[in-house]
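In this document, chain identifiers A, B, C and D correspond to the written order of the chains, with residue numbering beginning at 1 in each.
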Amino acid sequence: MAGASALGAVSFLPTAGLPFIKTAASQDVKTLVFAAAGTVTSSWDPTSHTVAPQITAEGFIFNRLTNCPMTPEDPSEILPDLAVEWRSVDEFTLEYKLRQGVKFHDGNELTAEDVKATYEYGSDPSRPASAWYPGRVDVEVVDRYTVRLNTEAYGYPALNFWYVSSFLPILSARDIANPDRLRSRPNGTGPFRYSETQGDRIIFEAFDEYYDGKPNIETVVWAYVPDANTRVLGLLNGEYHLTERLEPEQYVSLTGESGITTDRSLSSENKYLHFRCNKPPFDNELVRQAAVAAIDRDQVLQLVAEAGQASDCHISPVKFGYIDVPNYPTFDPARCQELLAAAGYPNGQGLPEIEFITSVGFYPKTREYGELVTAMLQAQGFPVKLTTLEPAAWEEQLYRGSDGQGPGHIIDVGWITGSPEPDLVLRPNYHSDFALINGIDDAELDAALDRQRGAVSIDERLKLLQEETLPMLADKVPAISLFSSVFLRAMSDRVSGVKFYPNGPIDLSKATLS
Amino acid sequence: MRSGAPQGASEHLLLGPFYRLIGMAFAIEFFVRRILQGAVIVFLVSFVIFALLRVVSGDPVRIILGPMASSAAIEETAEQLGLRDPIPIQYGRFVAGVVQGDFGHSFIRGVQGGSTGGSQDSEGLDTDNRAPVFDLIMTALPYTAILAGGGVFLALLIALPIGIFAGRNSGRWPDRFALYVSSLFISLPNIWIGVVLIFLFSTKAGWLPAIGYEGLAYAILPAIVIAIEISPVLIRAISVSVSDNLRAPYFALGLVRGLSSNYMFRAHVLRNSAVPLMNLFGAQVIGMLLGGLFVVEYIFSYPGIGLLTINAIFQRDFPIVQAISILAAVALVLINMFVDFFSSLIDRRLKF
Amino acid sequence: MTDTVSNATTGMRTSQRMLAHAWAFKEMKFALGVFLFLIVLAAVGPVIIPASAIDMNVGLRFLPPIFFEGGQWPHIFGTDQLGRDLFLRSLIGLRNALMLSVVAVICMFVLGCGLGIYAGYKGGWIDTVIMRITDVQMSIPVIILAITVLGMSRPTPFSIIMVLVIASWPVYARVARSVALAEKEKEHIRAARIIGAGDLRIMLRHMAPQILPPIAFVAVLDIARMMIFEAIFGFIGIGIQPPTPTFGTIISSGTQYLLNSWWITVAPGVLLAVTLTSLNLVGGVLERSRNHVLQGGR
Amino acid sequence: MTTRDVLQVSGLSIRNANLPKAAPVLQDVSFSAAPKSVVGIIGESGAGKTVLAKALVNWVASPLEISSGQLFFEGVDLLKQPAERFNAMRGREISYIGADPTSALDPTVPVGSQIVKKLVTVKPTLSKREAKEFVIETFQAVRIPSASKRFNDYPFQFSGGMMQRALIVDALVTNPKLLIADNITQPLDVTVAAQILRLLRQLQQDFETAIVFVTASLGTAVDIADKVLVMKEGRVVESGGTSGLLANPQDDYTKQLIHQVPDIWGAEPFHSEQIDEHPILSIRDVSKTYQLADPDVVFGKQAVQAVRGVSFDVRRGENFGVIGESGCGKSTLSRLLSALESPDTGEVLFNGTSLSSMSSKQLLNWRQKMQLILQDPYNSIPSYMTIGDIIAEPLRIHNLEKGNALWTRVKAVMTEVGLNLDLIHDLPAGLSAGQRQRVSIARALVLEPEVLILDETLSALDQVEQSKLLALFADINRRRSITCIYISHDLAMVRRICDRIGVMYLGKVVELADNESLFSKAGHPYTRALLSAVPVLEEKPFEESVYLLDGEPPDPINIPAGCSFRTRCPFAIDQCAQEEPNLEVYEEKGSAAACYVGYAKLP
């Protein structure tokens, strides 16, 4: 919705002189209205979707075994949540000791049975969100408050759950036994419980028996407001207290605004240009290398401004294993020309027309840097044609079709996950078993990806990632990460104590509204 | 003055009492014919849109289930929605529903009206839990009605005085003024003037709200854009028909027959000018209004039918697009029918 | 006024008298001058203006127009968010929009008038079928059609023209048909049938030259309408794709920077509005002169 | 000036403010009108008579303006009064009726209510109800049938004649002192025009109104006026009492006008020289009916019987005339004869071959042999083709000539019809009506047809031009021995050129006679009515007082049973209502009329 959400200018609602305009805004200090940019699905089963906005909504309701703050300073930091202790028993076994006395919203106590039911249900490959799981897992109930995750039967190290367990919401075993109930009414252990849905608004009420104490805010209203401008205007006139996904210009304008606090935090998302590696000309590694040498990422970053942060790696700085890869491609026209000549396309002559597909209105500034990248590639002789599509059409073009091919030759996309686990990015994108977008089929790369996945210790894995996998990706460039996304949010200065997660969820359990 | 038995009167003695009914037979025939024709048009329009959506666009199931859904889930859901049946069969099913007053359920929007994102769970798609299209339209329709009504009202507010003044002063400065105004207004693209108005009156001056809808004030700027778009056509039509009618022999003769200029203008010129104006509404203005509403609602994020439609097309929400195109066709057919009927009531020479 | 005016018809043809009458308006000269100047500018501007429209220079982003503080020669309209010269981009947008609109109008004119004359002349079921098609076509809002076709597939100049033509030919068909219906009854058509002219010859040689000029005249004004449609398509994102400049994409991308860099949106729109106003003014004056002459004035 | 004159105009001049150097539109016009008198103003188009008529009701529209003169109405110079004062006279003391009755009232409002509105405006003491009764009464008085029904009819539902009656009511309801009648009979058929004149004469007696009667027809003026003004180029060239002026015209222009009024009975009837008794064209019981929607019945249809069982033969080489008033079916007949439409029943035979049996190729060839020339000089030739191309078009269509031969033939025919060869590359725009008709004639003649149908071909031309073209046709007829069929409403013209004449009424031929018999004996009362109504200066064999009809032809949708003319026929007998009469020969030359009354019994 380029136009609808594109009015980056901030205007101030003139409510004074016009009595018929709704002056709105409840001054109720116990109700917080969150203006969300995306929608939830029609099912409340967390295993039924991979939709980011719903993951944010579920953040209020559910808890996870552990909690990763995902800071760039220490991406691998893990804090307790429903589990108070965890350890690696052997290569195929992890053990978690649960917090005692935790209550579900329906009044039942959390036990090991719930964790078992959740993991075994969620990792079933037929569940749509099973992509979040490293693979199937057997859960052994050691006692009422102890579980063991065992992956031996499925042939991969249990360590793959080390970080993912901070992302997978824990459901009630009773609900899993009753899928209708699971779909229609979320039942978690989180600080807020689902109350009702009114049109585009979802009402959450504070959970009295939350293990970490009842939240200060009584009611959270989750309001779907698709238009960025409306969200900002609503924030300014006090109708909303908190909003997300600001345009960079809005962020800059709001930063100086009295009564408003802004928040800018690095996300777990990187923005990529994927090359379709299974058809000419990008089936040729040299052409890919030439293309990335033509792109001046500094200029892209300048355009994206507040919404981006430089990173020379295929994963975000908040992910486990992040490093500024030394051989990461840089802007080098001379090298670009060399590579082109070596590939048999001196000055780009002989290259077929290259279609570059990007979306408009979903990520900040995609059209702008789309034009920029197009121009930079054209400057080196790539015959590039830009196609900008609205998100639905773009999404349809994004993944490879049943014939293994994807439309166009270069496509712009962001990849975000709620765990420091790097494989949630690497495996679906670069392993030939999946290669969802670029279709790369490189045995060397597959082997490297499998090796780091099979590492039996955290340290070994880190070393493999940083010294083998990521440099190999930087060299083979099936895709290039342009930069890391920065999430821009704003809230009323009446709100305090909010904690933001890099993949979207917001922790309001300790927040207050004055 | 003498009086005599008029010849031929006897022939019409019988007809005399029925004379008043002449209009009735005409009206019955008119409406029967036009409603039948209209039904055919609406039927065809809905089929064209129905087929176009399925032929041109991508697979809505991908949007419903999200991009990462497995192809098995996609096929299962598509089967469930009947999207894999031949188009005529799908259409037949759709028409059967519409005839019973059921316009189906949105693919995307939840039963409470909010949009829902893709759920990759084929079991998660339960169409009965999606918003009935009829309800969505009924929710959006009042907003569009406010905007359309306001736009037309403002357009007439601009066009009537300018047009009549120009028509009464054909060839002199008011006429030129009307030419300038209409040439300028018709040259202002609605997308641009919409943004500029937002910039000037909302962002800079802060006089009027612009985005979304929270109260009547939100309809003012978009209504101005609509008015700017359609007033030039009205200005031209009014000034031309007023000056034509002033030039018509009956006007000058009316003055010579001893009637006042004011009376002739009020009773006859305005009456006669109403016919081309009404026809213009049927033929052009409604079309422009409809097109304008889509664009303007989009620019202003105004929660009416236009925004609903644009979002629905972008999201491949076929049931909504289908229903709205039927609605638009019905509206056009009805409006044209009434325009023609009232035109022929005013001017009995017109036969449709 | 009841004396027969026709005897007094002077040697000039209607079109000549129309032009003569129109030329007497000073605004006609002015508007025509502005319009021609802009066309010439759009044609040669991209060649003679030193800045390149496609090249971007991130260092020269957001330069205001030259009349404002901070403006820099040669960026008359200033620069956009990628540091590109807005004046040049506007001119290229103007050129593209003009070319696209002219082609679209020619196509819809030929298609619409052809079918309209055919329907009006032949009457009967052919007429019914063609007219019902126009009814159906006119009952489908252009925007729904455009977004469905263009938004779902990839918009190209060809598909944009196709959508415009499909959406607009019925107007021409209807007008041509109604004129053809009237024209068919005229004596010179009867005369042509009497001397043995066949249907095709009558339609092409005897009806078309009478029917087309007044419609062609409307078609010229329609170029302006098509340019607005082109801008709307670009704005919604279903027009010609960036980085090729079009008014719609420039205006829409400028909306993000409205508060601080209003000129990105405003300046190209002013150029478009001036072009269209001059074109519409020329059309408006001609239309008046035509009415004037047809009413027996001179 | 005598004080008893209702109107006295002296030295009235009107000029065009935009053309200050041109001759004034009216120059120094002076005349007066006594109460109850009728002043006729006569002149050709462009003489300024309409401008004068309008000036009398203060209807001088820019750029015209009164430059000098006085206009006394009952002794008051209205030009010196404020315009409001003059305007207040209009529709009250001074009434005006114009030439175009059908566009005189708002087409979207019933006639009755428009007249009532005028009445209550000029006579505020009258209630609406009284006014309505009064108007209906007056409608009856001017012989508008079914007056109370017609009161609610819209202007387009009135015929020209009926509308003119309604407007006479409108003008006279206020009992004005002065009535300006501006060309009021111009667009009407002769019988209707004669009726209107008769009505006006009667009313004038009742209302004691002075009338200024403007007309282009000297015959009409003479019929009604006591005093005549002859105008030419904005000036009065002669004026005086009607009889005196006719007997002893002083001015050359007056003499010329008198001379131009066609002689009907005084002229020698025309005879073609080479008539072959064998018919080239036979019309056999031809009928044509059109279907119209019936506004009174849901999905009802009405049948308009345009041509009903017409039969006649046209002999090779003869000039055949078809006459009748508007709506009698002559244009439908011409379309059937030229195979633009085909008859529902019956057939048209050309040299014994039925047109309906011809293949399209045969029909195309046949078109070379039979040509039709149409009425309207402005619309019958395309304005965007050069004159040469227009004339060459038939040759190209039929692939008859190419290159130089084509142009030789075009030039030859242009010379034959009297078109200057310099015009060959010109567009028709600058041509006069007469020249345009010559182009039409040339386009028909270039195919060297055997039969030429002239459908009102000359009716749009003035007298002088008509005479020239008639001479041309006589010449062509002689040289090429072409068969000509004249379809016309102009009795004087068919008298001059036709050998035989058919008279049509309501889609039927009611009389078929040779020229001499028709004009002197006329076996059908309708023919006699037509002849009685022609405005001529000579003595007519059929008296208007005896033969002039009342009312108008019935609607071709509801044709009366029996003889279709009986509802208007002053001599109808019982038998006429029973069945439709057929053509019966009534005299030795073979002239036939369809009338039960019989030639012998007509007065």
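Convention: a residue touches a chain if its C-beta (ideal position, glycine included) is under 8 Å from a C-beta of that chain, and two chains touch if they have at least 3 such contacts.
What you are looking at is a predicted structure, and each value in this text was computed from that prediction instead of being measured.
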Which of A-C and B-C has more C-beta pairs touching across its chains: B-C
By CA centroid distance, what chain is farthest from subunit B? D
Using mean CA coordinates as chain centres, what's the gap between subunit A and subunit C in Å? 47
Rounded to a whole Å, what is the gap between the Cα centroids of subunit B and subunit C? 23
Could you tell me the distance, in whole angstrom, between the mean C-alpha positions of subunit A and subunit B? 43
The distance between the C-alpha centres of subunit A and subunit D, rounded to whole Å, is 90
I need the residues of subunit B touching at least two other chains; which ones are they? 58, 191, 195, 198-199, 203, 249, 298, 314, 316
Flagged in subunit D as touching 2+ other chains are 98, 100
Where subunit C touches two or more other chains, by residue: 1, 151-152, 235-236, 252, 255, 258-259
Spell out the residues on subunit A that touch subunit C in their complex, using ranges where they run on. 2-3, 6-10, 247, 249, 253, 299, 302-303, 360-361, 367-368, 370-372, 374-375, 385-390, 393
Would you tell me which residues of subunit D are touching subunit B in their complex? 57, 59, 61, 87, 90-92, 95-96, 98, 100, 103-109, 117-118, 121-122, 137-141, 143-149, 152, 154, 156, 170-171, 174, 206, 293-300, 550-551, 554, 558, 567
Where on subunit C does subunit D make contact in their complex? 1-4, 6-14, 186-188, 190-198, 201, 206, 209-210
In the complex of these two chains, what residues of subunit C are touching subunit B? 1, 27, 132, 135-136, 138-145, 147-149, 151-153, 224, 228, 231-232, 235-236, 247-248, 251-252, 254-255, 258-259, 262, 265-266, 269, 272-273, 275-277, 279-281, 283-285, 288, 291, 295
Taking the complex as given, what residues does subunit A use to touch subunit B? 1, 3-5, 7, 9-14, 17-18, 20-22, 24, 38-43, 45, 47-51, 53-54, 127-129, 131, 179, 183, 197-201, 224, 226-227, 229-230, 233, 390-393, 395-396, 398-399, 402, 436
